[in-house]
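Should a chain be cited, it is by its letter among A, B and C, assigned in written order, with residues numbered from 1 in that chain.
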Amino acid sequence: MSTFLGMPVTAPSGVGNLRGDRTFPEAAHDALADGQLRRNLRHATTTIRGKSGRVIAELPDWQELRTAGSAIKASVLARLPELLEQLEERVVAAGGVVHWAADANEANAIVTDLVRATGSERVIKVKSMATQEIGLNEALEAAGIQPVETDLAELIVQLGEDKPSHILVPAIHRNRSEIREIFLRAMPGVDPGLTDDPPVLAAAARKYLRETFLSTRVAVSGANFAIAETGTLAVVESEGNGRMCLTLPDTLITVMGLEKVVPTWQDLEVFLQLLPRASTGERMNPYTTMWTGVTPGDGPQSFHLVLLDNGRSAVLADRAGRAALHCIRCSACLNVCPVYERTGGHAYGSVYPGPIGAVLSPQLTGVEDNASLPYASSLCGACFDACPVKIDIPSMLVHLRDKAPHSRMERAVMRAAAYTMNHPRLYARAQRAAKLARIAGRRGRGLPPPLSSWTTARDLPEPPEQTFRDWWARR
Amino acid sequence: MNSRELILGRVRAALRDEPVPAPVPREYRRSFPAADLELLVSRLIDYKAEVHRVGEDAVAATVSGIVGGTVVVPEGLPVSWRPAGALVDEDLAPDRIAAADAVLTAAAVAVAETGTIVLDASPDQGRRIISLLPDTHLIVLRPEQVVASVPEAVARLDPSRPLTWISGPSATSDIELNRVEGVHGPRHLHVLLLDRTAAG
Amino acid sequence: MRIALFATCLADTLFPEAAKATVRLLERLGHEVVFPFEQSCCGQMHVNTGYQRDALPLVKRYVSVFDRYDVIVAPSGSCVGSIRHQHSLVASNCGERGLAARAQDVGSRTYELSELLVDVLGVEDVGARYPHRVTYHPTCHSLRMIRVGDKPLRLLRQVRGLELVELPAAEQCCGFGGTFALKNAETSAAMLADKLTSVVATGAEVCTAGDASCLMHIGGGLRRKETGVRTVHLAEILAST
């Protein structure tokens, strides 16, 4: 197959963290069997739903803000080339350097080369979905550069040699006592008398990272927003680790998905109201840093912005799927999803878990590489209602299911079912045949898969003596 | 073809259906009553900041009452606000700032509805590093700097300046999604809200 | 009023009492119910499983069978959701623009039972009597796709003798999700287990809902666990006297 230059392409395989090595049902099997994990997830998602619901209810214009946020993002996608060029021009004018990365490999190479050029053998990192997506840490390590995650949850994941399971709170699957154990085991110099009191755990992370912040000359970040009109970048955070990374080093490298650009400075008035309330359930997150290029005498004196495609242009090419690029990574959809609450994030195999991951990951990789993800939803619609930028995730899942590869067996069954339903006599005959299901009994003895999976947890309905249409015909 | 042209080409190809950018309906609240200082105070307290209502002439004494030891101040901070022995930031080395007990700055804007204070690195606020490393941050806020809402704050700010939006002390929600105050940024945030009558 | 009944394939085949109750209820309220025999299935299962092409003939069938009626009712929030929100999309995705427009139009005349009663017929007290302790599960598509809101509850509150008990975490999905229950059977079962716990905690004798499909799932779980709680379609309660 040949693709000519300039055609949208999906994210390459063999690099980054967009593909799992198991299907969703296989991976979910393990998570469902882990009672501690399910208790942790239930506790955390219930907490955040409550908090978020309360602060959203304080705003009389939440729906109007959602509408505006959605419209701004739609307009960004429609105007993407022009906005990216404008952003580049403004960042360069303000003293920054802009790089374009067609995929994960190119982005990793650009960042690695930039770090090498500084002579630093260590980088401090602010939590960033884009750099997790491309597997930057793995690439830096392969080049002999040590990436240090500074976000508390990322630190828990890194020290625990674990994988992130949530967009906002990558260690959501861990409770306080598990975090204490990880710190005791893996955090150099930790106080052996460490308790599992959350402020004590946070203080341990503060002490551990302080010296690293002060002595590392290069930082890598993502970006929540980039303003085309002004060239301003914004990072929204809580702990102050972001401020450390964005302020203290000499060199700052920001890796940002193409879709994070927004047209105007004024647009931030919408997203700064939507994001914290939908995300951590706060009226405003503790810290947001905004910077434009380089400010002499204040902060990093060398700033690089890496604009990342890595499959985004392929997402953009699908009219019915492109709105997945509206996502502002708040994770509200994860927190309300009944599937996520029970399986956790690892089951999705990609750095983007939950409902948004179920639509975004298959689009970034091509649906054949994440074919089970569009089915990892009961289509209950809670995600759509929770999304601060109104991404219609259920409709998008249905759309992706239509594009997903189907097994020959399933296709044959579905064809036959549709054919039967469309031929009244066959349909009536099939309805009467349903009565024969009685021989399977209510526990469904001897039913073939996938029907047998119904009867593992549920009885079969008792087939009636008479169908409705037979009753109607005889009344 | 370089990556820039490649990516822009891909994006243009992806938009072959020529979606029309619709005007953004901005029907959310955009005009607001005067800022409610009591609301600001309650929001600040809710996120574990401490608030002191003082006259401008009492700033220095109030600061001294809150923290002993070294207090870093930016070069442009009004002299009358500085506590005795204040350490003026004349390009201080990071470890000296980190060793200080507190930092005292002015602010650019505050948002009552969210309990947010924004610093824009003006001379009375200084470099971003000074308000980051000490464990206690004291901010002097003038009532006329307080706006009711986020849109008003965005409109007042100059994006070409480095901006730091602060809502309470450093915090995290990373342990069981509960907010816990005190991680890498200052663990104590004091807001000295000047009396309206005393405002300059 | 003359009302066409779309029984839905599931009620027609496995849960005829829900469709019969719809007929009895509407006739008792003085309306004429017609049942076009050529109807079959709305095609939702095909659409939601990734077979829009295969659903197209079913969309065509629905539109051609029901186009001639002013008011259509179905005792299922999820089938109505599919008809109203997916039919025209399937048609246009398959390049059938004329059909898409007609589907949109027929969809706008298709009502879920509680919508028909409250919005179109303007009744909340349907004169029913049902002396049981009942809890109501608001199915996802009724709640979030067609947004019936509290209409079913308003109808249930007027039923004589009925004691309505609130279902904890009512708005959480029961885990059915059509073929989701087969493709992700373990996750579906985990969601169901929590729903069953909530239902049992109410102490209700009966769990009701506006969708036979979710009730088949919940009811199958309740029977398997031998809880003694029955599932009864909303239409059957409203038809009881």
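Going forward, a contact is a pair of C-beta atoms (placed from the backbone, for glycine too) under 8 Å apart; a residue touches a chain by one contact, two chains touch by 3 or more.
The chain list, named the UniProt way, goes like this: A = L-lactate dehydrogenase complex protein LldF; B = L-lactate dehydrogenase complex protein LldG; C = L-lactate dehydrogenase complex protein LldE.
Predicted, not measured: the structure shown is a model, and the values here were computed from it.
Among the other chains, the CA centroid farthest from that of chain B is the one of C. Innermost chain of the displayed assembly, by C-alpha centre distance to the whole-protein C-alpha centre, is A.
Each chain gets one centre point, the mean of its Cα atoms, and the points for chain A and chain B are 29 Å apart. Distance between chain centres (mean CA atoms), chain A to chain C: 33 Å.
For the pair chain B and chain C, the distance between mean C-alpha positions equals 52 Å.
Against chain B, the residues of chain A that register as touching in their complex are 5-9, 40, 43-45, 47-48, 51, 60-61, 64-65, 67-68, 71-72, 74-75, 77-81, 84-85, 94, 99-102, 106, 150-153, 156, 168-169, 171-172, 175-176, 179, 198-199, 201-203, 205-206, 209-210, 213-214, 227, 230, 232, 238-241, 243-244, 247-248, 258, 265-270, 272-273, 276, 280-292, 295, 297-299, 307, 309, 313-314, 316-317, 319, 322. Looking at the complex, you find that chain A touches chain C at residues 24-25, 28-29, 32, 38, 338-339, 342-343, 374-382, 384-385, 394-395, 398, 401-404, 406, 410-411, 414-415, 417-418, 421-422, 424, 427, 431, 434, 442-443, 450-451, 453-454, 456-461, 463-464, 466-469, 471-473. Looking at the complex, you find that chain B touches chain A at residues 1-4, 6-17, 19-29, 43, 47, 91, 94-95, 98, 111, 113-116, 121, 127-129, 132, 150-151, 154-155, 159-186. Taken together, the chain C residues at the contact with chain A in this complex read 7, 9, 11-17, 19-20, 23, 35, 37-38, 40-41, 43, 45-52, 54-55, 57-58, 61, 85-86, 89, 93, 140-141, 143-145, 171-173, 175-193, 216-217, 219-221, 223-224.
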